[in-house]
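Going by the order they are written in, the chains are A, B, C, D, E, F, G and H; count residues from 1 in each one.
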Amino acid sequence: MAAADLLLTNYIPVLLATVVGFIMVITALLAARLLAPFSQEAGKGTTYECGMLPLRRASTNVGMRFYLYAILFVIFDVEAVFIFPWALSFIGIGAFAYWLMVIFIAILALGLGYAWKKGALQWR
Amino acid sequence: MTTEETTQPVADFSGTIWAEVDRALSGVTVRPERGLLDVIAHIPRDEVVTALRRLKTDAALHFDYLRSLTAIDREADGIEVVYHLYSTDKKHNLTVKTTLPTTDLNVPTATTVWRAANWLERETAEMFGIQFTGHPDPRTLLMPEDMTDVHPLLKSHPLAEIEVLQGEGMGYPEEGA
Amino acid sequence: MVTERAREFDTQDLLINVGPQHPSTHGVFRMVLEIDGELVKDVIPYIGYLHRGAEKLCETMDYRQGIGFMDRTEYLAAFNAELSYVMAVEALAGLEVPERAQWIRMILCELNRISSHFMFMGAFGVDTGVMGTPFIYGWREREGIIDLFEEISGDRMMYAYFRPGGLAWDVTTNFKARVREVLKSITQGIKDFDGLFTENEIFVARTKGVGYISAEDAIDYGMSGPSLRASGVPMDVRKDEPYLKYSEIDFKVITGEHGDVFDRYHCRLQELRESVKIIEQCLAKMPDTGPIMPEKMPRMLRTPPGEVYLRTEAPRGEYGVYLVSNGGNRPYRLKVRSACLSNLQALKQMSVGQYVADAILVLGSIDIVLSEVDR
Amino acid sequence: MFDRLPLPSQLDRTIMAGGTIAGLVAAPVLIVLLGLQITGTISAAEMVFYMAAGVVLGGALGAVLIKNIVHASLSLIATLLGVAALYLLLLTEFIALVQVLVYGGGVIILLLFALMMTNAQDDPIVQDGSQKPFAFGVAVLIGGVFVTALLDAQWGDPTAAVIPFVDFGARIFRDFSVPVIIVAVLLDIALTGAFVNARRAEAHDEEARS
Amino acid sequence: MKGIAKSLLTTLSTFSRKPVTRDYPNVHKTLPERDRAFPLLLWDQEIDEPFCTGCHACERACPVECMTVLMKDNPNHKSVGGTSSRRKIIDKFWIDYARCMRCNICVEVCNFDAIAMNNTWTGHETSVHDRKDLVMDLQMLLSQSHAGAIKEWVPVIGQTNE
Amino acid sequence: MAVTPGMVTTPESPVTVPVITPEPVEVPLPVIPGEHPNEAPRLVPVELRPGKALYKQVLPGVMQAPLDLLLGASRKSSLWPMTFGLACCAIEMIATFMSHYDLDRFGIVPWPSPRQSDVMIVAGTVTKKMAPAVKLLYEQMPNPKWVISMGACATNGGPYTRYDRVLQGVDKIIPVDVYVPGCPPRPEALIDSLLSLQDMIMEERGSMGR
Amino acid sequence: MIPIENFLVLSALLFAIGFYGVLARRSAILILMSVEIMLAGVAINFIAFASYLDHDAFSGLVFALFVITVAAAEVGLALGVVLRLFRERRTANVDEANSLKW
Amino acid sequence: MNTDLFGLQVNVWADAALRLQLIVVFMTVVVMGLIWAERRILGRFQQRIGPQKTGPFGLLQSVADAVKLVGKEDLRPKNADPWTFELAPFLVFIPIFMGFVIVPFLVGWNIKVLELGLLYFVAISSVNIVGWVMAGWGSDNRYAMIGGLRAAAQSISYELPLVLSLLAVAMVAGTLNLDEIVRQQGSVPYIVWQPMAFAIFFIAALAELNRAPFDIPVGESEVVGGPFVEYSGIRWSMFMLAEYAGLLIMAVVGASVFLGGYAWPLGEELGLGWQVVLVGAKAGLIIFAVFWIRASLPRLRIDQLMGYSWKILLPLVLVQILVNGLVLVYGWSEAILGVVGLAGVVALVSITGRAANRPRQIPARAAALKGEAA
């Protein structure tokens, strides 16, 4: 079998898993539809708010912190993306690749350090 | 029943802090009374907050702790507002009372003296219909927010009827049955 | 345009409604937290969801009938509540309580303090997020104490056992042995809690420096009990104005220094140990036999006109009963000075500027009993 | 009618209408694709390609057309994950997984946070700009030009080849060392830039509040 | 980390202990003698009639007013040729268990020792589907004592304030 | 209704019945006699609109029976109460969940949200201030749902009946399935009530479309 | 095997859709999303060429990787700008933010 | 395109479908078992019994719960956003389920051996967080909203330590193929060479699974169940299923990558029975530890939680990777790795302890706000 076919075959279960997962949820929902009683009572559609009627549509002022952490995550996620191929191949290339990665990580660590220093990691 | 009946002779204040209180409250109309465990000082309503502040700031008395604030409905004789004071370092007690006529239930707020008075006054206000003038947050405390005309602790406020759900023949029998 | 929008935006801080039905409000307390991100900007407490008129009803009850209602105002430490009430009646009526009854009252009250503190530990532990374990520890120890109470008084929570003048009936014959037995399991429980929390880094990180209140503020708000003592004010009615036999007992008033959540927790933990000590002393000093009621008790107790404000140290702080009599067999006016109400007032002071999670901890750390707050 | 039927409240009009339309559109396509596959006209890979392409294009269309921005971003997720499937079909396993890792986990969360900090707070519905028709024209033009050009060109019949992952890594770190460092610096700049921005915004908030 | 280890060990030690659970529906804990469930009326086994004379003392003393007492002339009184020395006897008696707060006051005020708190499990397992069923009438109040299951409530023997 | 004046009958008049003219009713708000006008509308009983399970409508009766049995059995073994303590009774309720009684043995575990709970244990005094919240929480529970009224207060106001801020029994606003007397009931009594609720569920399993 | 044209046409369409979004949308965040779509189209193109035509050099792959990387960085940075804009102007609409003196 | 399914030659599609069917059954059963076990174990930790009356030893408890949840009305609040609310269970559950594809249960019994299995695992497990945010946003509930945001913030913060700690092992193993990684541990499990990576993996896994002490998104005492407050019945049980399936996957992956899965200590040639016992025991150990921690530790606060990941775990795991690289590229002995790893664990412990025992202080901002409020 060609390498290409092999690769695609490998991912057949992944495709199927998506479908099966979907089917599972749908089946469960349908089963509930069949077995569960449904009614429309007056207060049922209200949002749970510890027994009080909700005041207005829930909206939230998401702190800037959440966003900062998300940026940090994206940046370091990308870093991880670079580390992955490196991790498996650097031995073959030798010390050069290793030190390249050290520099790479160091630069990013610098950024993290800067953010840390500036209090971006401090959740106030 | 009025408080006069329980008033002890004035000579009886030995061993209490009355002398100190009297000194601190010079200039304020105050009528002492010997209570069971401490001295009760009757102060007219207009002067009560001044007196309370003096009692708090006076170095020798230093009543920095408001134990309790409540009122007593004396029906025809008006409503008494009662302050129980305590000093956390001098460790002595004092009861301060002021009487409001039923026609005019107003008394200056003590929240300016102790923050502790805040909720206590709110409670007293809604329970007796007293107005604490100058109160920073005059909402109801225990009653629903839109019920400002019900004052359950007044003697005139009736108790509810017991709901009779007693099966056949389970109503209370007529008198003499 | 811009400024208008800005103003609009500023009022848009998220309001979350916590309670009246919320796992961590210990009953039907409700507070509205105004939060900015995760920080609490304002707390608006709402109480009164359990206002059921104990004071009003007691005005229609004779003194013995009122005891049951007192039980129910402070259901976690019913003995302590009963004690204040009956002592107020005794003070008004001028009754002398036999010595043995006083010792028994002391033991029972301290035991009740222990059980109440244990329940605090449990509920507080659950607030910090441990899955049930502390809750169960606390209730396990409480169950032991409750069993003892039940043997003595016949009920698990609402004992109705103290009477003006003494006790309703005598304790069981194996009382002392049973108390010792219970004390042993309590000691184990204290150890469990100590091990579970006191040094736990996460617990410490969550509680130290959180919910701070200074001694001055605490006094100004009229706080009392362990919540006040944690701020460093050694105010304890048992020491300052001893009642029962506390003057004959050697015990420390536990104070904290920092006035934060951890101190409030730790004060209670140490108070548990103190209470155990007190009970041990009481057991040693208590006479084995003797009367528990004064000789001549009227069938229907009447009090001379007068008034008394009687305070005792309940687990949550100063439980005061202000009793006004007009000479009948029932109070003319009864006011319960609730420690929780005053402690709760300081909630805003303590939790503003903290994280949402901390606000919950602060609420847990002042250990409220809603029926005492609302009565 | 909807009130009378013992319908669960959640199967309300939106979902029913949406689901019906989606089902009506998707079902025939799926059936055709399956039929083609079974009869051997197209390979399984091609079938998957068409499905993925449908998801990608549908998602992209949704992302640019839907008014509710949260829904638009949901739709974008479909596109980005579908693109990962396309990468897979292009036999680049690694890039596909990277796509899932970076976009599925990171960028989308970032976008959602940003959305929730802005419009989605109260009113997630946005109005599109007035240059819609113009934009439509330009887009059709560009798309048309590209597609005709692409279809016109003679691509021969090249076949895809699998690129071993290890070789790929070696290649990057041997031959592209300078770009890698540049990427690091770029990321750093993005990081600090974002922080500075966020800090300014926060400082502004403080000001506005006080 | 030491503290975390300590908490982990604490819970582990709990893990190794025996559960304290009482297997309730199968195992009933022995109730203490003084247990107070709900008030019951006692049956005078000697004369074969209730002790209760319907004197209303308990009814008046009950803080929650959950009792209703009706008395009648005792048909078994000596004066009419019976064996009992009770001139009056209980005619109808209701206690609303749904309202009773188990305060024991009715027991204390009764001069005839005619009422006692149920200290058996039957007094506790009383859940019903209709709250009217919680209003106990004379027959139900007497049945347990009549059968000999309940005699009198224990602490009354000791010193009480009556 | 009003009796129109001047309808006095004379012996000569054949009409002996006073004419009663209905007056137009203007106040749609239900008013409970003796209630504070602000409060009365909040205290009306919850409006029940029981729903039906689909299988009850589509399946023939024979096939329903095993499903009823299965559902009934599992519902009864997995009663999740909402943690809802109101007053003193709540302490005993919590005690019931604790190690000495351990309701988890019966599969009964408390959940904080009404959405995941099956049974509401009203443990304690329902004041009129709290009553709307109780009602709302009950309404927010998904069907099928049950209510246990625990303790004297929830059943009919208990010791506090005579205080007019207290609701005289929670069954004024929501339907109650099991009443547990006691003030507070022992934990065993609560377990007993849950067991009797389980029996009830098994008995009523066929009609349980609530 | 899937013909290469399929991928190329798809990428062109994606690019066009993204382009439409950039032009038609007013909310800055939505514009960024559209840019993401365009970049995805471009990356598909790169990879298609790399794996179909450039069997051993695969620079296209590396380029695609860099595209993804840069896109992520760009989103992070640009959203930062948008957020700041929003905080100061209370709007995320590019039309309203046309005066750049802040 | 045929492949080998337990000795039979079947079409790849059929093979995948069959194996997935097996997983569906297996997952359902194990998840139910896990829920039962959790309740029993937590019960023991609290000196009580746990489910007991439903079926023998309460074994049917989870079944009863599941059936009941199916027969429970399935609500959606009126104001909820229909699309997000409806789609959230799918988005949460499907990625978790897809994660099963690479889990190396036993020799030949995993669904597929992917060359980039580890990368696949980390990539796919990061997707479901979108579902959490959707559930939170769509419910129109403040608790849910806050819970969803917290979940997202927490998950992205701990994703990196998780990924990188797995990567550290992959470096030593020289492959991302999970099966291969397990096989290489025939004699020594990687926990010996990479103890710190394991510690970090465990902590990060706890956080990813929203398990105590990192359960702030679902913390009962704060947000009453987090993003799922408004979900009832079957949808809610989908979330639960996903949660426990995630726990299962994480435990098996952890057991395979660090504890040697089915290979250690006796090599992979063992019979199926022994392999089941080995994997079960190792995964069970991890799961037990999770439950144990749940019964003992308080919840962290959000700032502490985020800080812990970014300030402590991430730097440490980066150092671990660089050290691994150094040792590997210069061909030093693996023992160095073990020693360094142990030192790392010590560092982790002491830094954690130090971080927790900061001196008490009132934050300046809190003080300022307090002034405002007073």
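In this section, contacts are C-beta pairs under 8 Å (C-beta built on N, C-alpha and C of every residue); 3 or more make two chains touch, one makes a residue touch a chain.
Fair warning: this is a prediction, and the values are worked out from it, not measured in the lab.
More C-beta pairs touching across which pair, A-D or A-H?
By the number of C-beta pairs in contact, the winner is A-H.
Measuring centre to centre, with centres taken as mean CA positions, what chain is farthest from subunit E?
Chain G.
Once you find the CA centre of subunit G and the CA centre of subunit H, what distance in Å lies between them?
Whole-Å distance between the two chain centres: 33.
Taking the mean of the C-alpha atoms as each chain's centre, how many Å separate subunit D from subunit H?
Centre separation, subunit D to subunit H: 27 Å.
If you average the CA atoms of subunit F and of subunit G, how far apart do the two points sit, in angstrom?
Between these chains, centre-to-centre, one finds 57 Å.
Quick one: subunit D and subunit E, Cα centre-to-centre, how many Å?
Distance between chain centres: 72 Å.
List, in ascending order, every residue of subunit B touching at least 2 other chains.
Residues 142-144, 152, 157, 159, 162, 165 of subunit B touch two or more partner chains.
Counting only residues that touch at least two other chains, what does the list for subunit G look like?
Expected reply: 1, 65, 68-69, 72-73, 75-76, 79-80, 83.
Give the residues of subunit A that touch two or more other chains, as numbers and ranges in rising order.
Where subunit A meets two or more other chains at a single residue, that happens at 4, 11, 33, 35-40, 44-46, 48-52, 54, 57, 59-62, 64-67, 70-75, 77-78, 80-82, 84, 87-88, 90, 97, 101, 112, 123-124.
Give the list of subunit A residues in touch with subunit G in this complex.
Residues of subunit A touching subunit G: 4, 64, 67, 71, 74-75, 77-78, 81-82.
Can you name the residues of subunit H that touch subunit F in the complex?
Where subunit H meets subunit F, its residues are 39, 43, 46-54, 58, 60-61, 63-68, 71-75, 220, 224-225, 229-233, 236.
Using the touch definition up top, name the residues of subunit F that touch subunit C in the complex.
82-88, 90-92, 94-95, 98-100, 112, 124-125, 127, 129-130, 133, 137, 153, 159-160, 162-166, 183-184, 186
Which subunit F residues qualify as touching subunit B in the complex?
Interface residues on the subunit F side: 34, 36, 38-39, 128-129, 156-157, 161-166, 168-169.
Could you pull out which subunit C residues touch subunit F in their complex?
Residues 20-23, 27-28, 48-54, 56-57, 60, 68-69, 72, 75-76, 119, 135-136, 139-140, 142-143, 156-158, 370-371 of subunit C touch subunit F in their complex.
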